[in-house]
Structure formats: structure tokens, C-alpha cells
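What follows is a pair of complexes built around subunit A, which joins subunit B in one and subunit C in the other.
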Partner chain A sequence: MDKPSGAGFRRARQRAGNLLTPYALLIPAAAMFAVFIIYPLYRQFNISFYDWHIFPGASNPGVGLTNFRAMFKDPAVRTAAVNTLLFVVITVPIQIVLGLAAAAILTDRLPGRGLLRGLIFIPVVTSWVVVAYIFAYIFAEQGGLANAFLSLFASHPVHTDWLAHRWTGEAVIWIVSIWKGIGWSFIMFLAALDGVPRTLLEASRVDGAREGSVWRHVVLPSIRPTMAFVLVLLLIGASQVWIQVFLLTGGGPYGSTQVLLGVAYQQAFSFFNFSYAGAIASVMALVVLVFSIVQIRLLRRGQVR
Partner chain B sequence: MQPAKSRLRTRIKPAGRFAVAAAVVLAGSVAGITGIAASSASAKTAKPITLQFWSTYDLKDKEESTFVNVVIKKFEQENPGIKVDASVYLYADLLPKFLAASAAGDPPDLMRSDIQWVPQLASEGVIKNVGSVPGFSAIEAATLPGPLATTRVATGEAPGYYAFPDDTNTQALFWNKALFAAAGISGPPKTLSQMYADAATLTNASKQQYGLGVDGTDMWNMAPYIWSAGGGFTNAKYNSATGVMNSSKTVGAVTSLVNLLKAGDIGSDFEGGASAVSGEEGFPKGEYAMYIDGPWAVDTYKADNPMPAYGIAPFPKGPGGSVSTVGGEDIVVASGGHHITAAEKFAEFLDSPFAQEAMAAQGDMSTETSDAAAEVKTTPYLKVFAQQLETAKVRAVSAGYSQMDSDWSTEMGAILAGKVTVSAGLNTAAAQANGALRGITP
Partner chain C sequence: MASISLEGVAKVYPNGFEAVKGLDLEIADGELMVVVGPSGCGKTTVLRMVAGLEHVSAGLVRFGEEVVNDLPSRERDVAMVFQNYALYPQMNVADNIGFGLRMRKVSKQEAGRRVKQAAQALGLAEVLDRRPGQLSGGQRQRVAMGRAIVREPSIFLMDEPLSNLDAKLRVQMRAEVARVQRRIGVATIYVTHDQTEAMTLGHRVAVMRGGLLQQCDTPQILYDRPANLFVAGFIGSPAMNLFEGAIATDVETVVLGSQRIPLTASVQAARPGLKRYTDQPVVVGIRPEDLPAANGSDSGAVLQGDVELVEALGSEQLVHFRTDARMIRAEALDSADGAAGTELSADANVARVDPRHSVSSGERISFALATERIEFFDPHTGLAIWN
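And then the complex of A and B:
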């Protein structure tokens, strides 16, 4: 049998190196992903089938699907599921539309463009605690800016206790979340719009296409991958809404503004029903996963390649 | 033939031996972290040990500094081999942090726990049954019945005492002397019906003045109104709410409060919400003419300028008597703690007259019968609270209490909003409470 020549061996080694290098570089991220995401997800799903106790070595009898069945009968979960769904349905499209609109406007060379871009993005990096306090003041019953503004148009002073009622409380949560989230989709779309080939835009305009047609037939298909990315990430983020609810209404009054993650947290850390909390979180993860896959597939369909 | 051990050694290569040695060292380190090695080492060499103690002591007044500089200092003087490292956490953070640490196998040795957490922690197995600690029977004999009851978990697989009583408190009626005088009422109400009549008289909507403040729909805040009216929440074994939570007397007690709210005699604190004014906030401003609160409110009002002229009276009597709620904290010893014997020793010390009196001077009422007179002498305003404690009741000592309390509060919200009748709401609450008390997932 012929021994491989020196040059051939080097080429083979180089090919192997080229093949393995990406995997080697992926190892740290993959390891962290496995340890901090995959394993906790697995454990969360796993404990959902047990009457699980946190003390190491404690007896954890199996309970089958009891926790999953209980979810569908639990009024707190029902209310929280409705609130979470409404949050997704209302905040995600608005963030996309407003983020895209802002990006479209600020792609053009306008005076103060940099400042405006910065102002739109600032809420994204502002702490939720700070934001929640500011909005709690804005929507306060006494001396709140929102009531003062509405009083200008009413025949009598408005004293709405926004955060003390379900739907007004929900409205505040949606407004805050949209305001804080627009900056992120704006930045994503800004980068995507910069990547739309100028030649395509100019060609379509030279061909007499109106601005609406240019957007429908050139811009939107060009930014479809970014649209899919933004949509999926916003959906995942919105499904996991909790911190703003916790800070603004605490899930109240009487659990009426509570969301699924809040119920899971309360079940785990207030009531010590870790398995039940695990079941709620598992179903949430599954629903988000399925929706994300469906969305990505739908958005890929007809994509310009 | 060589012994098996030698044969094994000959088969391990140098690199392998290094790995085995490293594993042994690593295992030793892990054992040290988990306390297995530490406890045996401390026994043999009497190396000083440090107990980790977690609490929610108040850092704004002298409560925490007294604990560290007086109580711990004395304990360390008496026990030279033991140091105590005390850490303070926010109330909302303490329980999740303790749970996470217990799950990780590295909890603090002791925690000053809310009394309502004790049965939950016991059901999870993260705290020790301390009933067999040699000094516990003496503590049991010396402790007031109410605070002692908070440490005894009767439900679950291993009933017993799961905590050392630490401090206690209860609520009494705070009344604004100026507002009462202006309304022509000579003194605090002695009966529940008088209280409700006074609340109507004291209400002045134009001044945003309410006769009564009720600080929420949770059991801590509502229990005195329910119990004093003869109603209740659960049976004595804490395993059923049927016939108690939805009894005619409980329905009557809740109906009285609902009627007062409808009449506008109860302030915004009852229904809650972000803009609700708490009793402690509204009372000094004259927004509430009376409300119930614990002894800590006195310190709060000392800081107020000008201080409202107010009195503290026992909760008004109803058909069930003058019954308030037992509050306070217990000391729990972590099952996974590193120094359990030393931790139990420190917990016992916290029940000593020295520690109890030192902390009573900071408003933490003693749990011991013998200290009541002494603490009233040094802190006269505690007299009403000490008197109230004699008839105060404990809420359900059950792992399902938090769930039950949350469900109760939600149903009360529906009742106050007029979505369900009092009777229907309490029937639902009782059914949910039965599940919670029996440890059934919703």
C-alpha cells in the first residue's frame, strides 16, 4: 500500500483542520448552551412528572400527567394565559410596525438623525425598575401625567386608578412594553434597510413604481429574513413577559393582570409547587417552540434567494 | 498472588495516578464545601466554626445592629469556638434565596423565618425537626401558646416542632384622638358593632377621611374582623375549610366589611392597587380615623413630625371575642446546614432571656411568658399588644397556607368588585382552600 505523500498528508490534515475548526470554536458556546439552557429545560420538563421536592435526596413520587391536567382546570392559569396571549398579539405587531416605520424614516438623511436614533434606542437599555417607576408616576391616580392630560379633554378632572383595575392595568403594561421594545426592532430594521440594494430601489423607481409598490415588492421581500428574526424573537420575549407586570401591578388586582411566567414563579417560590411550575413553564416553552418553527417556515416560503 | 490492591496499583499509569489523586483532592474539597469534612474536622481539632445566619432584620433602625453588637457578641463570648455571620436580605428575596441555597446543598445554618414559611419549609424537608433538641422542652414550656403553635407542624409525614420561637407580635386598634374628638366620640370602640358605627360617623368624604382602614384582603389583615365576629378559615387540624370559611358567621363578617366599603367608610387600602394609601401612610395624615397595625407602627410614628395624637386599644370585641392575629418570626435550622449542633445551640441562645430582652427593647416582642411584664415595663406601648396576644390566634400552620391565602384574597377581590355574592365567593374559597390544605395542585 502506498504511503501518502508529504503534500497529500498536509492537504488532508488541512482539510480535517478546516472541517473541525468551526466545531472547536463552537464548543464553548455549545457547552454553555447545554449547561444553562438544555439541561435546565430537560430538568424542568422532567420534574413536571413528579411531586418534586427541592431538598437533595428527598423522595419525589411520580404523578404522571397530573400537573399538566391541573393546568387546564386552574382559573389562575386561564387568566394568565389570556393575558399572555393578549400581550403577544398586541405588543408584537405594534413593535414591528412602529420599529419599521421609525427605521424607514430615519434611514433618510434627516437633520438630527443620530440624536433621534439614540433617543429611540435609549429605552431598550434603561433598567426595567427605572422605567416601571416612571410609568407608575405617569399613570398615578393623583397627580399622574396621564390623568392630567386626559383631564384637558374631559368636562371634569380624570382620576383613573390605572394600575388598580384589570384592563387599564393591562393597557399600561402594553404601552410601557411597546415603548421600551420599539428601539430593538428599530435597530434591527435599520440595519436590514441599509442592506437593501440601492440598485434595486432605483431600478424600480425608474420603472415608475410608486413608493408603496417599492416597499411591497422590493423592500419587504429584501428584509424578510430580518422580519422573521425580529418576529420570532419578539414572540419569544413577549411570551415570557413578567418583569414589567411584577413591577407595575404585581399581577394584581387579585391576579387579574398576572401572566403565565408570574403564575409559574408564584407556584414555585410562594407555594412550593415546583412540579406544577415546571409543567406550566414546559407547556409555555413547547408552545413558543412550535409557533416559532411555524413562523419561520411561513416567512421562508417565497423568500427571495 | 498479589493482593488485589497492589495489582490495581501496578496497572494504573502515572497519568492515571495523577487523575485519581486529583479526583481524591477534588472530592475532599467538595466534601469540605458540603460540610462533611468540616464537621468531623471541627470535632477533632475544635477549629472555630462560623455559622451563617440569614434574616430580614431592619437596617434602618437599631434592630440589626442590636442583634449583631449585643446578641451575637454575647453568644460568641460564651461560645469561643463559634462565630456567627449574620446577613440581611429583603423580605421578598429571603425565601427564594434560602430555597435555592438548600437545593444547591449549601444553605445557611439558620434563618429567621416568617412564621408562615415554617410548615412549607418543613414539608420540603429543608429544615430540621428540632423537637428533640435537649433544650427544646424548656423552651416549649416557657413560650406563649400562640408563638409556640407557629413552630409545630401537625400535618405532613413527620409532625413535630420545626422551629424555635423567636419573636412575636399582633395587631391592635390605632385610633386618631383628634378625629374622634371632632366627631364627638369619646374613645375607641369596645365592640365590633360600635366600631362599624363609629367608622360611619368618622367618615367625611369631602375631606377624603375614612372611618376605617383595612390594609388588604389577605388573611393577616382580615382575620381579626373574621375571628372576632365568630367566623374562621379552617378547622383546628388545618386540613379542611368547609363549614368554617363559608360558615354563616364568616359570611356575616365579610358582609359587614363589604357594606362598609360600599358605604364609603373604608379607604382605598382595602381593595389595594398602585394608588392605594396604606394604613401606616394614611393614618398620620388623618385619612384613616382608625386601623389595625402592629407595634412597629409606633416607631414609624415617632419619626413623623408632627406626630399624630393617637391611641392604641385592643381590637373591639365581637361574638368571637377580641381576637387578633399572631405574627412574628421563628428560627429554623437548615437540614443541609454545615454545623447543625452549633446552629441549634445558637437558636436556643436566641430564646434565652438575655437575647429575648435585648431584641424586645427594639420592638421584637418576646415569645416567652416570663418576659411579658419586663418588656412592657421597658417599652410601655407594648402593653396593649401583650394583652392582645393572650387571645390572638395563629393562621393555618399548613404548607398550603400561602396558596390558601392567595385564593382567599382573589375571591375577596371578586366579592368586593361585586362579581360574586359573599356566600358564593366564600364557598369557592373554601373549596380551593381544601385543595391547598391537602397539598393538591390547583
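And then the complex of A and C:
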């Protein structure tokens, strides 16, 4: 008499099925994540403790922390670390400030703002290769637009070979990256500003606030979660800068504009030093992980009302 | 302290929509003016133009003698309570209330004192360090009021401040609003679509429709002498009964369907304009309370109807009835947010009958008509017929 009836049994099975469905649906994504992210991360971390060779059957002796120690003594790594840090410190704040400024201007009823919004976003979706070629032309020594423009203000024609020197090369890399990146922060801030309730702005104006105070006390606090999100994603992205360097200066001259990911790439695919590259990449991954944790914290804090 | 005067004020939006058309309105210092009307009538636009949140397309807005058309909001010394309260979510109650003082560079001590005082007056002393998200609807409403009054503005504006509250709280806060306004004693514009709120709060009430002012007067006069059909139908709950009728050749009777109702000499004297409507259709308006059940011995005018439904409310019964005279739907009832409690009366006529009088649906009832309380309107212009 205590036997589960047919219907009850079916119901119990159904309930178990309902509980399992979400997990079943997660399997494809989880499998991709495991194969293409988790395993390579583990493998890369793992081989950085060996003198690993890509040839099957070669001996891969364990070397302990040798690769990590070498990394901290390597002047190429040091230069690349400085360049990466400079890139982060310079491009991220400028992208945030200019992106926010553009968004603030283009939320107002400005004639032609739809077109302007599109123009600002185009660089984001343009291929890095195309962008690099355009800017290589702009900053070319002979017949480049930049030199032609500067010549207008100089007593003699300017012939700067922008990409052949460290600081001019760095400057070009920063300018390209900011130009290509602004559209993204712009779109994020545009959405955030659209979400600021209009009545809050009106209430503060009636309360006697000037535009500066409206921004300080109403707008900025309202978009704080977006600010945190944009900041951290830009930090993560900027710390992994490489492709524009690779395409514009190739890290030269003599590695003076090289960045960390560029060193790792070179070590792995030019010198087949996979273990050393793995050590560099592992340290970078650790830094990015810390950024990510900070991001989650900031976002959570922003959500508390 | 200042009066507000609107002279020929109009608002045309860039898409050509005329929200407000040639509005003239005077609000005396200390007066509470309620602007009421169905949604889209332009009432909120009027308020926003006075607040400086909306550009005035034509006409003049004056505070006292000063024309303020081009003065930005922050320099107008107005305080406003928004429909959704518009509290700053990141600030606690004290900072919300004190924000205007901070912006106007009032000293910290003085601001603190005034915030505390306002909070005490509004029963918010215990929640000063909470954020708006942690407050109940009624408390948020109080904070919004506190933020407005703490500044001691010279003009007080309220945009449907009670419409987000439940019915019971609304009645409670209505009294609170009246009390606060009396205390600060400055010119106030209060916008609502609720005619009950308008009648109970307003020193005077301006009824708007389609961007045009219909009538502006004290609540009692609006009720007793509506200027047109719209006001007649909008003010009062249940709404005024409106019938299609005709004035007989001798002006001594009004014809409602198959019934003839004699008009006394005093009615004819009070409304000489009726003479122009002999043998012509008019709209006849009768308030539900002017239709008491006849007790048989009445010698005066009688209106008969068939009872459709009886709603017993204890203090009175609402008798829904029909006659063979065609009913006119007051236009207020067509709007989505017409006055509360008028939903049923759109389909039938309503009389307020003494609860001791036994009435049941299906029976025929006779009402004792006070003919001097009947209203007459021109069916084409909708205007009340007096002279």
C-alpha cells in the first residue's frame, strides 16, 4: 500500500528530469570552455616547469622555477613589461574619458547624431590589419599624412620615421589603440546614460544644481556599475595588447616597443621556447585573474543600492 | 513668496503637437491651484513650463512681476514633487532632503537643522540614514515632499504626487499635502487626473482638456455651475446624468423621451437663454443626488425610470436606471483614466437614493426632480445655457 503509484512515480521522474535539464543544456558550452580554455591554461602552466619540446618523443626534463626566475632577469621582459604598463596607464583612462564625453554629447538632441554614433563605432568593428595599414600609411616617413600635416607648421619639411623609433612608435600604437577602442566605451556609456532616469536630472536641476553638480551627484553615481565594468574590461584587454604592436612596429626597433604578449609569442613561435613563453603567459594570466576578481567585486558593490 | 501668472501660454512640440493652447491662469500667493483633466490634456506640460523644464512656445510666465520664460529651473526658486518621486537612489534620506540646500550653499549646520525639522514634521526622523530603496511607497512620497518644502521655495509644484500610492494611503497623504501647503503658504500648482483629489485639495480648480482650459473656479462652483458638458461630466462621482432632451415651444416643459417635465418660472427666469432653444434639442444634466425617490405625495416634477441595478453602500444606494431618453456620454468617461467610480454610470443613469427606500431591480421608480438643479447644455457647443 505504500508503493508509489504509477502517476506519483512518473511525477518524481519528471521532477528529476526538470532538475537535470539546465545542466544538460550547459554541457556543450562547458565542453568548449574546457577544451579551449581550461586545458590549454593548465597545459601552459604545466610546461612552464619543464624544458618542453614540441617534437614528439623528445625528452622534456623538469626545470622547476628556472623559467620564472629567468623571466624576472630578462631585460627584454622588463622592457616589454614597462611598455605594457605604459600602454594600460595611457590608453585606458583616455578611452574612458573620451568615450564618456562623446556619449554625453551624443545623448543630447544633436542633429546628425545617428551618423556620428555610427562613425565613432566603425573603428571597433574594423579589422586590425586594415587599421594598421591605414595608420602605417598615415605615419609613413615619405608621403605620410602626419608628416605632411606637421610640415605645414614647420619651416622645413618634416621627415619623421614614426615607427622606427621607440617613443614615436609607442605614440602611434597608443593613438591607434585609443582611436579604435573609443567606440566600445562610447557605446557602453551611451547605454548607461540612456538608463539614467530623466526625472532625476530634472529633479536635481529644480533643486538648484548646475550642470557640473548634476553630473557629479546624479549622472556619475548612476553609471558607476558601467564605469566599473568598462574600466576592468579595458584593463584586461590593454594588458593583453599585442596585435597592433606586431602589425605596426613588430616590437622594434630592437624590441624597444615590444609588449609582454609579444615576447611570449616570439619565444614560443620564433625560438620554440614554449616553456619560457608558458611562464610569461602564466604570470600574465594570473594578473588578468586578479583584475577579473576586482571587476566582480566592483560590480557587486555597484549593485547595492 | 510670489504669485504665478500665465498669459496666453502655449506649448508646441517639434513634431507639431500642441500640448497647451493659449492658457491664461493666475495663481495667487498662498493659493493651491489644482490643474485637472484626463491624460494628454496638457496639465503636466503646464507644470513643467512653470518649473522651467519645458520651453514656453508662446505667451508669458510670470512669478510676481518678473517674466521667467527664459530663466533656468535652478534660478526659479521652485520646488517640485515628481510623480515617481525622483529620489536620488545613491543618497540616504537626509542627503535627499538636503540636496537642494547643499546646491544653494546653505551652511551645513543650518541645512542639518532644517532637514531634521522637515523630517520630524513628516515622520521621517527614524529613517534619515536609509536609502530610498529601503523605504515604503508612502515614506518615499514623504521624502519627496520633504525635499521640496525644506528649501522654503517661493513656488511649490506637484505632479500627480499621490498616484503611485494605494487608495488608503492616498486619502491619508491628501490631508498631509493640504496641511503642508497651508503651513508653507506659497503659490502651489497641483496636477492630477483624479477629480476627487482636485475637489478636496484645490482652493480653485482648473479643468483642462485637449490643451485648452475649460473652466477655472472654486470646487463648489465647478460642481454647481459647470461651464460646459466636459466639466459637468468630469467633476462629480458618480458623474452627472446627461440626457438628450428638447425644450417645448412654451418653454414651460422639457421633453425627455416620452416624459414631459414642467419647468418652474424660477428656472425660466434664471436661464433666459432657454428661449432660444424652443423646439430644439438640448442636453439635460441631472446630478445623482438631485434624484431622490418620490414618496407619492410629491406634487413637483417627477422623472420615471426602470431600475437596472441597485448598489447598496450603507449610507446610500446607487440606483442604476434607464429612461427612453437618449443618454449622452460625457467625454471625460471616454478617457482611459476618467474620474474614479464612474465606470458603471457610463452605461446607465445613476441616482443616489435614501437607503431606507426599498428599491429592487426590474421595478419602475419615480424620482422627485428639483428642476432648479437641472443643468442645460447646447448639444453642439457643449456650453451651459444660462443667458
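Assume the second predicted complex is superposed on the first by the 261 of 305 C-alpha atoms of A that agree within 3 Å, B and C clash if a C-alpha of one lies under 4 Å from a C-alpha of the other, contacts with A are read in each partner's own complex, and residues count from 1 in each chain.
One rule holds in what follows: a residue touches a chain if its C-beta (ideal position, glycine included) is under 8 Å from a C-beta of that chain, and two chains touch if they have at least 3 such contacts.
Bear in mind that the values here come from a model prediction, so they are computed numbers and not experimental data.
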Handout entry: Joint occupancy of subunit A by subunit B and subunit C, clash or fit
Key = fit
Fill in the blank from the handout: Partner touching more residues of subunit A, subunit B vs subunit C, is chain B
Practice task
Identify the partner contact of A:Leu106: answer first if only subunit B is touched, second if only subunit C is, both if each is, neither if none is.
Solution key: neither
Exercise for the section: Report for A:Gln266: first if it touches subunit B alone, second if subunit C alone, otherwise both or neither. Expected result: first
Handout entry: First, second, both or neither for A:Ile90, with subunit B first and subunit C second
Key = neither
Exercise for the section: Mind working out whether A:Ile173 is in touch with subunit B, subunit C, both or neither, as first, second, both or neither? Expected result: neither
Practice task
Report for A:Asn67: first if it touches subunit B alone, second if subunit C alone, otherwise both or neither.
Solution key: first
Exercise for the section: Could you look at A:Val245 and tell me whether it touches subunit B, subunit C, both or neither (first, second, both, neither)? Expected result: neither
Problem - Partner chain(s) touched by A:Arg205 [first = subunit B, second = subunit C, both, neither] - result: second
Problem - Minimum Cα separation, subunit C to subunit B, after superposition on A (Å) - result: 52
Handout entry: Set of subunit A residues, in rising order, touched by both subunit B and subunit C
Key = none
Problem - List of subunit A residues in touch with subunit C within their complex - result: 197, 199-200, 202-210, 213, 217-218, 221-222, 224, 305
Completion exercise
As the complex stands, subunit A meets subunit B at residues 53-56, 58, 66-67, 70, 73-74, 76-77, 136, 139-142, 161-165, 248-249, 252-256, 266, 269-273, 275-276
Exercise for the section: Over in the complex, which subunit B residues touch subunit A? Could you list them? Expected result: 95-96, 99, 102-103, 105, 120, 123-126, 217, 268, 271-276, 335-336, 399-400, 402-403, 406, 409-410, 412-414, 436, 441-442
Exercise for the section: Could you please specify the touching residues of subunit C with respect to subunit A in the complex? Expected result: 51-53, 72-74, 76, 78-80, 82, 84, 86, 88-91, 99-100, 103-104, 131-134, 147, 151
